[in-house]
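There are two complexes below, and they share subunit A, which is joined by subunit B in the first and by subunit C in the second.
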Partner chain A sequence: MSKILLSGHLQYFGVALFAIVLLILPLLAGPYPIAVLVDIGFYSIVTMGLIILMGFAGQISLGQAVFFGLGAYVSGILTTQYHLSPWLALVLAAIATGGIAAIIGRAMLRLRELIVAGVTLALNLVFYYLVTSLVDLTGGASGMTNIPRLSLDGFIPEYTLLNYYLVWIIAFLLLIFSLNLVNSRVGRALRSMNQLAGGSEETAQALGVNIMKYKVQVFALSAIYASIAGSIYAYYIGCIEPDTFGVQLSVRVVIMAIIGGMTSPWGAFLGAGSIVGLTELLREFMPVLIAGPTGAYELIAYGIILVMALLFLPQGLISICHRLVPQGGH
Partner chain B sequence: MKGNFFRLNSAANPEKERERDIMEQPILEIRDISVAFDGLVAVNRVSLSVRRGDIIAIVGPNGAGKTTLLKLITGLLPLFKGEIWFKQQRLDRIAPHRIASLGITQVFQDIQLFSNMSVIENVMVGCHVWTGADFLSTGLKLPWVRAEEGSILEAAMDKLSLVGLEQKAFAAPSSLSWGQQKLLGLARALAAGPELLLLDEPYGGLIADEMEKISQLILGLQCQGITVLIVEQLTGVVMSIANRVIVLNYGEKIAEGTPSEIQSNEQVIATYLGNGLAGK
Partner chain C sequence: MDFSVVLQFLISGVNLGCIYAALGLGFFIVYGVTRVLNLAQGEFVMLGGMLTVSFYAMGISLLPSILLAMIITALAGAVLYRFIIYPARNSSGVTQALLTVGFAFAIEGIALLVWGWEYQSLPNFLDSPNIQFWGATIFGQTPWVVGSTFFMVIGLFLFFGRTIQGKALRACADERLGAKTVGISTERMALFSFILAAILGAVVGAVITPLTMTSYSIGFPLTIKGLLAAFVGGITRVEGVILGGIALGMVEAITAGLMPSGYYGVIALGILIIVFLCRPRGLLSARGKV
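Right after this comes the complex of A and B.
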């Protein structure tokens, strides 16, 4: 019992420390690092949903960009064409995306994990063609513009800083939600059916876990996380186009989840932070090392570092934290 | 005179009479069930009835259909023909998780512990059937969810203490010996609060002391009113604790009776026990 209490206290200590760091960081960083941190925030939210889906429930998804895009487009449409408040549109987009994901999930999640991965990959293409075809609604291939900005008039006038706090407050709240979830009856049920990491669907069912219900619900939950991030992204950027929400984004988020580690929602911040940070670092320092265009070299270096990270830390960066911080096993 | 008194008494109390009727009815009834895989018949027209509080042993050689029979009861395999009834409720059209919530839990032959969880968490999953927190309420950690988590933890520790594994609560299941893993599987199943417990080869791979411990636990469960259905190849050990024994061979029931009746049954001796094992 005491071990569980210790583990719980450490968890709360970690969350409190994280909140303090997030509050202080903008005071120390300039506008460019804050903009990078906003990007990390978006990716962290999407990756966190994916970690719960893949790391805990063992369901592979290569289509999170679709739900990110759905959030962005539904919010964009509701605010520009129906003049709804951006906050209300964000909530409605999340509900709509969760509903769509539940319908897709119900049809798809009876299949084996690898086939599910293939189907979710195909969803990226379906979404792309849908968005480019519905020109009146989505603006087609040229995208949507003039999406209204989120505002908190009178509180934070500086736009990037406002978005920084907005994204990170939401990421922080979703972290607490996720930590509560994974350390609960629901989290244990998800892990019990995770065949990729030591669970067994057969045993889970024999112990009363309704695996189909949980698969659909966790798929919808991960889609809601992505949708929330997508909505804020649309408001932040102000214009969206279908190319942003392609297969590359889906794969990038999966890489973030793997690099960060899929055994804890904290892995989302580590994964998103390291991948975005690495990309920015290479962009910054490659021109110093190599003369001329460096795009190709950046990609090669990026690939090598990723492979090395996977070879030496197959459980992701979170495994370093697990070694440093005692685990209560709960 | 005494009989009349009881009859008059129960007639005056229909609730009690109904309760007594329910208690006297079989808790599990299997009627003429069959199942085949790729044309190969695994269970062929098997019928049996299990009374509440009994320990029933199903024995037979490899491939006799014993494990298949258990999986048919828990709904993990679809039934080809026949009916399975549990407490007057037909099971063969119900999903496995619903069957578990009715009060049937199975311990698998290979235990199938969740290696991605600690020992205590494995047992906590067993409490899933009688708890109800969902995604939203757990994510928000509502007060009633905290209370429920507390009772899950308490129940899980209680079951671990019952099997003597409380000191291993935070260990990884892989760090346990085979015998301890068997006990953990049993604790996890008991956490579900079953009325009917299905044990698939609970003695497999155990040493004599561990077998004795499992037997004592099973007898203890019987005292608590839990009905136990054991599938086992080691006939000697189950003969000592079972009320009745059912013998399967090539998917067919070839005999049923008390342990002593089975041990002297010529067909059973000829097909399964052999002269050396009869009477052991």
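Right after this comes the complex of A and C.
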């Protein structure tokens, strides 16, 4: 009991400490690190949804870029062509994306995991074709421009800094929501059906857990996380093009989830932070060491990291933290 | 509708269908023997095409160029199995599939480093001219595409039906433990299946290059299409994979002919995914849980 309490207190302590670090960090960092931190924020949100899906519900998605892209494009279309407020567009995009994901999930999640991996992978290509052919709505292959910025009425004048706070406040709120979710009735139901957590679908079903309902709900939830991040990304960048939302992005967030560790929503920050940090280092230093086309080293590095992580660190970086910090609770 | 137009659809459909069927065969071989979903299959196709172009550009004639490309791609297949899949042979199917994704990324990055962004092409084999046929056009390379797919299918049927090696592979596909019991080295068979799939991929890559061109990035879309062809037809049987490939090719050719440009990709893949979700065991698949 004391262990559980301790773990609970540690959790609150961790969340509080995290909030303070997030608030103070921009005061210490220059403009370039802040821009990198904004990127980490986007990735963290998408990865957190994927961690709940993969680590807690035991499902897989190789198509999160599609939901990120849906959030970006639906928000972009609603604000530029229908002149809705960006915040309203963000909410509508999240609802639409969640609905689409629920329909896909309903049809797909009764199948074996490997098949789900294949179908979600195929969704990347379907989305790419869709966006490039709906030229009137999306601008086709050349992309969509003039997406309005999110504003807080001059609350923070510096644009990158404003987005830093926006993206990290949302990431922080989603973290609290996720931590509550995985420690709630839903979280227990998910663990009961997840083989990785020692459960089994058959047992869970026999105990009266409606596993299909939970799987679809979590799949839709992970899509909503990705959609929210995608919407803010579109407002932040101002112009979006289909190449951003390809399979590379889908696999990158899977790598982040695996590297970070899928046993806790905290893993999202570890995974996103380490991979984005590494990518920036590669961009800075590799061209100096060996000349080559941009992107080549990133691809090679992602490939090697994914293979190495799966073979040698399947529990992710969070497992190292678990060893350092006494654990209780689940 | 004009007869020549219908004929043109049929010809493009068969042409595309043969490409997808040949792609699907690679999935079939690896999945059948090892139960690994090899999401790097398209990269073998990319490697085969790019290597053939490179050797051909060095002044080596076409057939030796293709053979060299096949050998190097086979090596890549062996590396994928021996150093990436074999260490994780007891992991879950999803972990193994993700490992092949990692391999695919690394190969794509290396290809980008070596060959750059540009699309490359080859002349038609033996400079075959386009053929006019009742008002429809058959591209000069199409007979080579259809012929090589036909040859691969016949070859696989003979190999699996008549040779001891092929029968051993089939034994692994049917019942791994049983195969082990009668003294078949399932590990060697698994290695062999990756090499065979890589070689088939390399051939497909060389044959389609005059038609579709090739670049470092063609691997992933081909993986998806081959995978869908194999899924829809039933990944556990050769006939299923061929049927799935032809079905995807036909749907794509017909929608490309009838729809405004661009939409055909969405519609073809969409139809296939829906068909697959309605019949998840594949149009032709037999036993087993899917």
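What we mean here is this: the second predicted complex is superposed on the first by the 301 of 330 C-alpha atoms of A that agree within 3 Å, B and C clash if a C-alpha of one lies under 4 Å from a C-alpha of the other, contacts with A are read in each partner's own complex, and residues count from 1 in each chain.
Methods note: contacts are C-beta pairs under 8 Å (C-beta built on N, C-alpha and C of every residue); 3 or more make two chains touch, one makes a residue touch a chain.
Note that the structure is a prediction, hence the values are computed from the model and not measured.
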With both complexes superposed on chain A, which partner does A:T160 reach: first (subunit B), second (subunit C), both or neither? neither
After the superposition on A, what does A:V209 contact: first (subunit B), second (subunit C), both or neither? first
Please work out whether A:L130 is in contact with subunit B alone, subunit C alone, both, or neither, and reply first, second, both or neither. second
Touched partner set for A:G295, first subunit B, second subunit C, both or neither: second
By the touch definition at the top of the document, which applies to A:I60: first (subunit B), second (subunit C), both, or neither? second
Partner chain(s) touched by A:V119 [first = subunit B, second = subunit C, both, neither]: second
Report the partner of subunit A that touches more of its residues: subunit B or subunit C. C
Residues on subunit A lying within both footprints (that of subunit B and that of subunit C): none
Per the touch rule above, subunit C residues touching subunit A in the complex are 37, 39, 84, 87-88, 91-95, 97-99, 101-110, 112-113, 116-117, 220-221, 223-224, 227-228, 231, 261-263, 265-266, 269-270, 273, 276-277, 280, 289-290
Any idea which subunit A residues touch subunit C in the complex? 60, 62, 107-108, 111-115, 117-119, 121-122, 124-126, 129-130, 132-133, 135, 140, 247-248, 251, 254, 258, 292-293, 295-307, 310-311, 314
Can you check the complex and tell me which residues of subunit A touch subunit B? 1, 3-4, 177-178, 180-181, 184-189, 191-192, 194, 197-200, 202-211, 217-218, 221, 328-330
Parts of subunit B lying in touch with subunit A, wherever the complex brings them together: 74-76, 95-97, 100-101, 105-106, 108, 112, 114-121, 124-129, 131, 133-135, 138-141, 145, 148-149, 152-153, 157, 169-172, 188-189, 192
